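Each of the two complexes below includes chain A, the first together with chain B, the second together with chain C.
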Partner chain A sequence: MKENQPNSLLKAVAPQKRNGSAALLLPAGVVVALFLLWWAVSYFNLFPAYSLPSPLAVAKSFKEEFTAGRMVNDIIASLWRVVVGFVLSAVLGIPLGLWLGQHLAGRQAFVPVLNFFRFLSPLAWIPFAILWFHIGDKPAIFLIFMATFFPLVLATMSAVSTIPKIYFRVAKDYHYKGSELLNKVTLPAVLPQVITALRVSYGIAWVVIVAAEMVGCQDGLGYGIWEARNGLRLDSAVCYMIIIGVLGMAMDRLLAQLSKLPNVRWGYER
Partner chain B sequence: MFAGAMKDKPFASRLTLEKVSHDYSGLAVLRNLNLVVQPGEFVVLVGPSGCGKTTLLNLLSGHVLPVSGKVEREGVIRTVYQYDGLFPWLTVSENILMGLRDEQDKTRRNQELAALLELIYLQGFEKHYPHQLSGGMKQRVELARVLAGDSDILLMDEPFSALDYQTRLRMRAELVRLLENRPRTVVFVTHDIEEAAQLADRVLVLSNRPATICREFKIEAPKPRELADDAVIHAMKLILQELGLNAHAAL
Partner chain C sequence: MKLTIAKLIAGIVVIITTLGLLRYQPWKTDGPADARDIIHEGANKKAERSLTVGYLPVTCHLTCPVTDFASKTTRSSTNFNSRVFTDFPTVVSALQAKQVQATFMIVPLAMKLREQGVPVKICYLGHRDGSEIVVAKNSKVRSLTDLKGKTVAIPSPYSNQHFVMNKLMGDYGMQPGDINFVILPPPDMPTSLASGAIDGYFVGEPFCAKAELDGTGRVLYYARDIWPNFISCALVVHEDLIKENREVVADLVRGIAQSGAWAETHRAEAAKLAAPYYRQDEKVLNFVLTSNPRRVSYVQLTPTDIDLQRIQDIGLQMGLLKKKIPMSELIDRDFVPPVITPAPIDKSKIPEPVRK
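Then we have the complex of A and B:
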């Protein structure tokens, strides 16, 4: 039989691979162009130096921050807060979303409240975060949790409610029940959507951490920017901004690896 | 032959409907239906679309309880669906192994899996996921899954209707071959008259809603049957007549 040749049936990945060098060169070109623009603007003094630091000043500041060890310390502090807050909301939010997705009464009871909190900016919690948790890691973790928990619950819940009924029929034919049904049918059926939700809410978390650390913390990337502003050190602020952007992208790339797991590919390919 | 392949026990299946009626919120779908499916028999249900064929299968499988009447079933029942019946997060092997969940012995399970893969000509595709397969291959995996282990009764809900015509023809032959290897009791729902004539031991023609069996006849010709066999053409004529789809009726 002709259709029995394994490789002929795999979805073509070759065109993407052939495009590999362009996929690297094109964005690199844009970055270089932006950098040149920045350099030209500051070289020809189109903006005064105090409102736009030059690339050279930023490079110097980078060296300074790293040799002083402050930057590394701030990176670790911020990553730690985001990871703890994010893991906490995933561990509590995903199971709650799974449960709500399967219980109509639960949905009816909780969805309005969950929606209310989802639309409440996490930054609105800052006064309470400081009042309840004082200064340090805790208020920032609390804010990350408040920022990511509600969207994660709601995304998981709606993923569960869109599982095709046929999967549950098949599951019944083969006697999947209780926790086995949850772990071997419901969870894998929503996993691709949950991974997407994780990436989205991680994005929220990383945005929120900078604001959260501007108050209630004495280290971290957000605090670094706040300090730079207070000292009128915009070169240092730009260093922090670059680090925040790069780290955010790197973490997202890491989470994107989850969507390459073979047992979730189906969710992205059809 | 390996242990699980041939069932030496006589058919343990029993499937009967007694005066079954069903409606969905007032809309009568089935009326006073009686049906006894003999062990090992291949029964095909044909009827106009929307006449309640799928409802009838759901009653047989137990997914739906009838409003009145009695459904009796005995034996392990499995269903082949039109499409999307495979779990997309499981590989071909893992999907087939679902049908072998009751087999405790690991070596026997793997032997049986290998035999099934060979039977459906999908060796080399063990680790593929359903979305990497063609429609026909997916349905073959579904067939392997329902045939795995000690299933007794197969309910088939238009299993080939989502496939293109040529694949459909091939799948019919495939099904006949698989059942020769592993006999099962089959209740097969289709709107495809050819399919009914080629596969059935007994054809039941259903009337419009509320459906009841308006004609029933046996096709004795041995299988596999060619599409152009006299017996097949004769059976098709009968079915067409009963459905009011023959040329004379149109005039």
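Then we have the complex of A and C:
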């Protein structure tokens, strides 16, 4: 990227770069402080052990889960379900949203239904997920799809419908049509919002995994939490919670990289 | 590195392919998920038939993993795979979708399913007793009447615990609304009691023992004191399986019966065997099975008309069950073997626990 190119995204990033050490030290400090608080609460027995496992107990169960090989298998299983469900809903949802955004009649016809399904909690779909998709990966993928598809369609649609009309009038003067119109005008204009929507709905997918893996799964991070509860092992539940949070953060960092796509920079400059 | 659409798509494809490969491990012939279910590999891995049996990690379903273990370490013509569930509604859905055709289940729920037209039969029982009413250790509650106006947790409206409580309240001259019942997942009951959110609970083991071992609860009543030969769960089999494959069902009921007879006399070993299946602390299971013979028993598990009729009558009276179903439709005793010998389980084959 050329240095003299004006770019609002770069401007926003630049100050952070200047004090890069603070950007690392500050969050690390908060994490350490939280950990110390946790340690102190359990060390001084402010809560009884059954209501808050101690850091030591959690560290022990971390070791146990990893040496048994269960944790790695659970991580792969959950990542697989989330990624497949999420990619499915992105591949189907974003094109549908783009189309709806450009067709008023389509919007009028479908928006009420899309809104209706958006408000149904994935938990409500659990019995149907088992009846239709039986047991294993499929019902979990279905639940993640149901949780992310509708918000994604609606967000993409509303992003498209807010593109200023003048863009399309200019595009018409240039005789842009079909894929050219999509690639040169529509996509660049909406991608920033779509990427935000992707990040938000990915967050939903990751949250839903605990509920989704209640569905007769035999492995996965969410299942690990259910099993820890059944096995009366809160320490093990906490170690699964930590893994879920850390992996969620890491995946979000990856998705944030999407804003570096060449077409997106154009969208940020509006 | 500059990110382009082409690179993005390539990246997504690579991620999905890698995850898919790691997930299904096509280079392994038996698959990772199944391999994990089978904890023990015995001499008889090559049984001609196999059947998946559902259970929850409660001691009422203990014979399920024991049968699983026995079918893999002894000679039997059917290989049983126990499949753990975390709650009963999921078990019901799985049974309706015929994903499992045999499972352990609370008895009134099986009656409800039958009432709703799901063709299931009760072929055997899980265990006798095995449930307790637990109250906080230092609470003043000494009898059922002291629980008037208090909150008591039960695992499901269609649990026999709920039914028996209602019967008992009638016996004590209490009104149906005198105790405030709440439905809680069993694992949350000991902690809810300790935090004071509830005043007591009535549920199957090991969730009663947990409160006792933690020093937060004490047993108010053993199930057998208020209802001799208390029944909580039963082995429920889909009629289609009974019609299609009688030999498998016969093997199953025999296996469960023999496992029960073995567990009754080998209690410490049973706790050790089940702990990895349940992923529970062996100590808790051991306490349930060995501390007091009043807690659980794994004999006399043939379902009788009198026992189940009593449960059904209470359900009808409470309005939770709507239709009187003849016991002949509900129970199938054809598969119970005339003589029940303990399962020939080799103690030395039970794996040592990973953690002490």
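Methods note: the second predicted complex is superposed on the first by the 250 of 270 C-alpha atoms of A that agree within 3 Å, B and C clash if a C-alpha of one lies under 4 Å from a C-alpha of the other, contacts with A are read in each partner's own complex, and residues count from 1 in each chain.
In this text, a residue touches a chain if its C-beta (ideal position, glycine included) is under 8 Å from a C-beta of that chain, and two chains touch if they have at least 3 such contacts.
This one's a predicted model, so the numbers in the text were calculated from it and none came from an experiment.
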Chain B versus chain C as contact partner of A:Asn230, first or second or both or neither: second
First, second, both or neither for A:Ala189, with chain B first and chain C second: first
Which of chain B and chain C A:Val83 touches, first, second, both or neither: second
Which superposed partner A:Arg169 touches (first chain B, second chain C, both, neither): first
First, second, both or neither for A:Ser51, with chain B first and chain C second: second
Chain B/chain C common contact set on chain A: 262-263
Chain A to chain C touching residues, read off their complex: 48, 50-51, 64, 68, 70, 73, 76-77, 79-80, 83-84, 87, 126-127, 130-131, 134-137, 214-216, 218-219, 223, 226-227, 229-233, 257-258, 260-263
Contacting residues of chain B [partner chain A, same complex]: 61, 63, 77-79, 81, 84-85, 87-90, 98-99, 101, 121-122, 124-125, 128-134, 136-137
Parts of chain C lying in touch with chain A, wherever the complex brings them together: 2-5, 8, 12, 15-16, 19-20, 22-23, 32-33, 36-37, 56-57, 83-87, 89-90, 93-94, 96-97, 99, 185, 187-188, 190-191, 194-195, 206-207, 210, 214, 216, 278-281, 284, 354-355
Complex interface listing, chain A residues touching chain B: 1, 3-4, 6, 9-11, 164, 166-167, 169-170, 172-175, 185, 188-189, 191, 262-267, 269-270
